[in-house]
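Letters A, B, C, D, E, F, G and H mark the chains as written, and numbering starts fresh at 1 in each.
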Amino acid sequence: MDESSEVQSLDFDWDRPRRRGFTEAVYCEGKSPDQLREVARQIRDASTDSSLAFLFTRADAPRAAALKEILPDAFHDEQAQFLSWPALPPPVTGTRVVVACAGTSDWKVAREAELTASYMGRETQLIADVGVAGLHRLLSHQETLREAGAIVVVAGMDGALPSVVAGLVEVPVIAVPTSVGYGAAFEGLAALLTMMNSCAAGVAVVNIDNGYGAGVLAAQITSG
Amino acid sequence: MDESSEVQSLDFDWDRPRRRGFTEAVYCEGKSPDQLREVARQIRDASTDSSLAFLFTRADAPRAAALKEILPDAFHDEQAQFLSWPALPPPVTGTRVVVACAGTSDWKVAREAELTASYMGRETQLIADVGVAGLHRLLSHQETLREAGAIVVVAGMDGALPSVVAGLVEVPVIAVPTSVGYGAAFEGLAALLTMMNSCAAGVAVVNIDNGYGAGVLAAQITSG
Amino acid sequence: MDESSEVQSLDFDWDRPRRRGFTEAVYCEGKSPDQLREVARQIRDASTDSSLAFLFTRADAPRAAALKEILPDAFHDEQAQFLSWPALPPPVTGTRVVVACAGTSDWKVAREAELTASYMGRETQLIADVGVAGLHRLLSHQETLREAGAIVVVAGMDGALPSVVAGLVEVPVIAVPTSVGYGAAFEGLAALLTMMNSCAAGVAVVNIDNGYGAGVLAAQITSG
Amino acid sequence: MDESSEVQSLDFDWDRPRRRGFTEAVYCEGKSPDQLREVARQIRDASTDSSLAFLFTRADAPRAAALKEILPDAFHDEQAQFLSWPALPPPVTGTRVVVACAGTSDWKVAREAELTASYMGRETQLIADVGVAGLHRLLSHQETLREAGAIVVVAGMDGALPSVVAGLVEVPVIAVPTSVGYGAAFEGLAALLTMMNSCAAGVAVVNIDNGYGAGVLAAQITSG
Amino acid sequence: MDESSEVQSLDFDWDRPRRRGFTEAVYCEGKSPDQLREVARQIRDASTDSSLAFLFTRADAPRAAALKEILPDAFHDEQAQFLSWPALPPPVTGTRVVVACAGTSDWKVAREAELTASYMGRETQLIADVGVAGLHRLLSHQETLREAGAIVVVAGMDGALPSVVAGLVEVPVIAVPTSVGYGAAFEGLAALLTMMNSCAAGVAVVNIDNGYGAGVLAAQITSG
Amino acid sequence: MDESSEVQSLDFDWDRPRRRGFTEAVYCEGKSPDQLREVARQIRDASTDSSLAFLFTRADAPRAAALKEILPDAFHDEQAQFLSWPALPPPVTGTRVVVACAGTSDWKVAREAELTASYMGRETQLIADVGVAGLHRLLSHQETLREAGAIVVVAGMDGALPSVVAGLVEVPVIAVPTSVGYGAAFEGLAALLTMMNSCAAGVAVVNIDNGYGAGVLAAQITSG
Amino acid sequence: MDESSEVQSLDFDWDRPRRRGFTEAVYCEGKSPDQLREVARQIRDASTDSSLAFLFTRADAPRAAALKEILPDAFHDEQAQFLSWPALPPPVTGTRVVVACAGTSDWKVAREAELTASYMGRETQLIADVGVAGLHRLLSHQETLREAGAIVVVAGMDGALPSVVAGLVEVPVIAVPTSVGYGAAFEGLAALLTMMNSCAAGVAVVNIDNGYGAGVLAAQITSG
Amino acid sequence: MDESSEVQSLDFDWDRPRRRGFTEAVYCEGKSPDQLREVARQIRDASTDSSLAFLFTRADAPRAAALKEILPDAFHDEQAQFLSWPALPPPVTGTRVVVACAGTSDWKVAREAELTASYMGRETQLIADVGVAGLHRLLSHQETLREAGAIVVVAGMDGALPSVVAGLVEVPVIAVPTSVGYGAAFEGLAALLTMMNSCAAGVAVVNIDNGYGAGVLAAQITSG
């Protein structure tokens, strides 16, 4: 047994910005406050490029508190469980990312997607309450949707919204199923399958509740 | 071993019209032409109430041919694999059943639903090509949809159409998932789950490809 | 990032009664007491048509308490986690909705269905303890079942009750699988699949534990 | 590589009758006519106890023909795909096995169960067309069901029949789900789950379409 | 809305002993102490046949305490969460039920099966720690297994034990999958599927963790 | 029954290019040669904008032959089952789409993606045989991958390739699971789940074997 | 569109023997005879190290014929659908690989495992007909099993055999689930899950029907 | 009812070291502190061979405390929930076991595998933070990986790491899926399926989070 293996490695992937253009986000769920403080310390001490935002996802209140002990000037959004250091997003470049969702239940995932894109340097806009069961609201936003550089559509339950949105626009649509619903929603599986089978071409899907991943992809698409 | 059990029973449920108001339909899949001829003979010989239609579902061309040997004046729709004896639907009563679907692939299930309702005595109308990826077509039919007594919505792939339709009307909506699609459509499972989780209340779902069941239910709803 | 997106939208779909004939129900699960108070305030301030009931589903005790701070004269049923404002159902119209279930475990879902239909203006009747393992009880209610305008059948575990009920009547049957059971019940999936495959035509299924949806559909069917 | 492994072993478990009271049945599906002829030869040459029936299941017409080349006096039931040598069942002992099913589609599995019990020495009776959607037929057989030593209930689609039967009797009920149905029947999975969750205690389930296994178990139960 | 429906029915199926030979067991999970006290009162007041045991399953410590307030002389087994009133099992009749399991984890389900059979009037024997990974222990019990009237085999994880046991005996084997295990055990699904596919004929399966159902069936089988 | 409903609608969505920037592709699977000839005729007669390519997917040899009767100058790729009319792709605009896959088995899906992007006006490059089990080949293409405007990664079996590719680049990655594999590949489900859970952010997934959808999305992303 | 991409790449991973110690096997399913002839030509022309065997798996009769046109002196086993060039396995090194299975149905997968290990240079032995339903046969092979360097256990249906074997020995056990069975066997899923949950530590599992993968791993384990 | 069955058996399999070369590990989850103290007492009193380590898995802090009351000199690793008595691993024999994982989330499972192999007498090395999304780190460890006797690869989420590792080495690879991830990770199912379908031959899989099983197998493989 190697002695050194008793110390759990938390080495950050410092090479990622060079390869991928953005930093490795820290997924906080399942990490202890101690572990998070250690990561935050590494980031604080090693960061040299102040134009890069370091993002922490699934940072609930106690975990955010631990991070803020080390990075007191970080930005934290409690509903989206999203923390960024430094607190200000980088200057806006590229085209606009629009995030659409059906209501309050999907809001926190939509917000995570929006904040991620914002902290990767995009202008963003979040449209809430545009569910398929009330088309008139969605149709009133057609102009905004058509002018976006990329659209993230967040939906739980029947997951039908991305098909409807993609049918209206020329823009790439990233669909995010959420675990909102009950019974045969199977914690987002129903929405995920719906979205994989979208009648409208030009829709791609990320993991259930993965607002972060959708935000990254939307920011990459709109970087030009 | 009981000798009599070597003869496979095909006894018809003659009591059903009294209890349920319609005859037992014969599901032809998995039955041999010989078995179907035997059933047809029983029906021909025993039927006394000429106002009741006897329906045969999943009657493909060879099975329909076998049935027509015994019931030569029956009506057969090849695409819907639907056969009725006698050939004419009963006089129209109740309110109108509208059947909506997204395209040619779902058409045969939609048609089975329409024919079933028609042969149970309803006025029917089938609207095809009203998919969610092209809302303008659906919206142009709003008047027709709102004036129906019940709507059957047939959809495969993402199964999103019933949610959108139900959001537009006061009428009961019966959703029929179809096995149309591939990959993560899982032979209709994706559409079934979508429909079970419809954001719009007032939607109920029947089995995958079960146009017959949807037609029966729609006819019952509109019987008043 | 759009500033306005930091305020989570809770806009009510005020157009729904015109389109669909009933108000948008508020699904309380996953909403905070603060959010519910805000919704209640909007409803209280904007409601002009006192004949429309506003329904809140999955309103457990603490959520109902929050709502009653704003709508003190609301009706709340604790077992069904159902709240209505105003407290009195509208005058009865249409035909009667009968709700049937097998026992105490399914009772709260059955009650949610019954209350929903009642607050949409229907006469209702709830028959409990009519499981398939004791047919004599079910058969003693045949008269009541046959005279209904629509029947909601609620069942968990084997989900066999809707097939048996539908085999006895001419009336549309709405089946509600419940998450009652354990092991291979898979939280209602077994009952859901059973009901989708009902041997009796004229059965349609709503989501697991979705008493509300079944009540809406039953009320729509019996509105005539 | 061991030379001897190039010859595929087909050694019969000759010890089984001593341990288990019945011979190893030969499952013919997936075996070539050559392999079956070889098995038949071993059985013909080694059998000494003429009171033991050797059973071959899933023996379709061509496979049965191959077996009959070696065992020309065997009994074959084409629908049940069941072959026995010798042709006559052993003398009847124990109590009666009743097999019940809902219709022609489940008949071949029911027949396999009945023949298996019969060739293990039981008196048997097969009741067909007793589906849950027409209770009156089932209720007319109550006397027969109550007097059985064990009941095998075969059902596809909603799989609801075993719950209803078990609710009427004191007798052990063996439930056999069948792959009859389509869509959400998922080739028998829906019926299997229904049966596992039977509201009536005293029901146990065998594999989908496993009439043979149900017949063996019923014969064991009624051997006393 | 029917006023009477506000009172939740808890009517006991008093006809069951006549039809089925044993009383309706009360499944306590999901019932409140108040509801259980009410059921207990009905049973205490109505019971006239002291030879019938009333069984309560899934009766954890607080629920058992509530029941004992009304039925102070009941028998309770805490691990099996099993309560019987009266406390003494009926006189032994029929043949012996043997229950086998692999270890301490499956013990409580095995014990529920044993107690159920015992309170239905059977002699019982429980053999623990006979897993497939240590065949020598199982083989040392062969005599006991062969002499049983029926065997209940309880197993989680790989669920392999029933196949091995059934391969050794002539006796009916009832298999009970348990939710013991983790990961790909999928809360008993893996064991359930294994048991449905047993290589040894004469095995039937009850629901996951359903020791009660296995005990009832074993008692029925051995009643003769 | 509406007479007109007996004619199956095949109306083309002529409005789509205005809304979405590309024409509705015709999914040929499940359509008869007669139906396809009818669609082709409509397209031939109505097309006015020669810069728009009409695409037909899943056009196997007999279906392509039927289409070519009407559109004799169309382009057909037999392996990709892809047909375009007119035969020449539009002039190249935007940035380059790179398609990567692991071997001959995934090639036809990769080719469908490449052809789709090409006929939507993009420069394309297909890199085959870059599986994760031989990293050296993949690493030798790093330059090409990094310079793409979007990358489509096609993989069956373990579906691991998109994670590895996305870890190397700043570019949006569209992952296409394929049904290549056997056993626990579950016809592409394993690869789909792998891709949904990619460790590398910036990956989105389309349906199993949906090379067309991936090509559309990649072309949309690179249109700028 | 890159012209060169119209030629489907079939480049062999010539670097694999250096990295992994064995050649890349060619999985023939889904490859056309033309493609296989092309692969065979590349191998024939480029092979320089006559001590390395090139293996082709899932090579049914027509595919083997195509390969033998180019490599006429290859070895082909029709049942195992296994082809090797050159025909003779390399000299035996390492310890012995024992392959065990329950009967004729699993034999072809077992044989593929045995041949793979043999052509990677191991002494092998195949034991057939050692199912869990007849323990005496398995126990008679204990000596052979204990003396192996690694054991491959192949089983379908209940998949219980690996647990029993691993409980008897100190040797690594590789379990191969097969698609043998029907109904709830779900094409090998039941056996796969059983094996993942083996009560005996020291068992690892490969894909359903993957005799080749098991043979490679067993040969690697026994190489020392 | 057998009186003795009221005492739950906890008999240890003392024969296992003779048969299998290592002791039966005690899986602590689901066992009460009382039960664990009893097991510990049996082990302490009966152990005679001080060279055999007794292992306890899933021993969280309270369970470890109970065990240490009886075995005060035991070794406990809190993160891996692993306890051994005696505290020192046996002398090192065989070749080295390398354990690789992608990060802090999978660390505790990797550590359990490492400790298990160590206490079975192997030299071990744990490499953390070698995920597929940052290949450079993995490639920097190639030398270590190639020189191992066996490699355990632990991965959650997309589970892609074992394919990549196995593609680089000649050594047997044991893959351990973990329940790390969310949404479509389905608690490790996605990673499990990925690993079962590994493109690289020579990979076998153990249960989700089963570090112990992987450690045992790796130690068996490297014992030579």
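The definition used in the following text is that contacts are C-beta pairs under 8 Å (C-beta built on N, C-alpha and C of every residue); 3 or more make two chains touch, one makes a residue touch a chain.
Since the model is a prediction, treat every value here as computed from it, not as a measurement.
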*Centroid comparison with subunit E (C-alpha atoms), farthest chain*: F
*What is the distance in Å between the mean C-alpha positions of subunit D and subunit E?*
27
*Approximate Å spacing (C-alpha centroids) for the pair subunit F, subunit H*: 44
*When you check subunit F against every other chain, which residues touch at least two of them?*
133-134, 167-168, 183-185, 189, 192, 196-197, 207-208
*Write out all the pairs of touching chains, ordered by chain label.*
A-B, A-C, A-F, A-H, B-C, B-D, B-F, C-D, C-E, D-E, D-G, E-G, E-H, F-G, F-H, G-H
_Contacting residues of subunit G [partner subunit E, same complex]_ = 102, 131-135, 139, 157-160, 163-164, 166-168, 181, 183-186, 189-191, 193-200
_Which residues of subunit A touch subunit C once you look at their complex with the stated criterion?_
79, 89, 103-105, 107, 111, 114-115, 118, 123-126, 128-129, 133-134, 136-137, 180, 182-185
*Within the complex, which stretch of subunit A touches subunit F?*
19-22, 25, 95, 150, 167-172, 174-175, 192, 196-197, 201-208, 212-214, 216-217, 220-221, 223-224
*Touching subunit H in the complex: which residues of subunit A?*
1-2, 5, 8-11, 13, 15-16, 27, 29-31, 35, 177, 179, 187-189, 192, 207-210
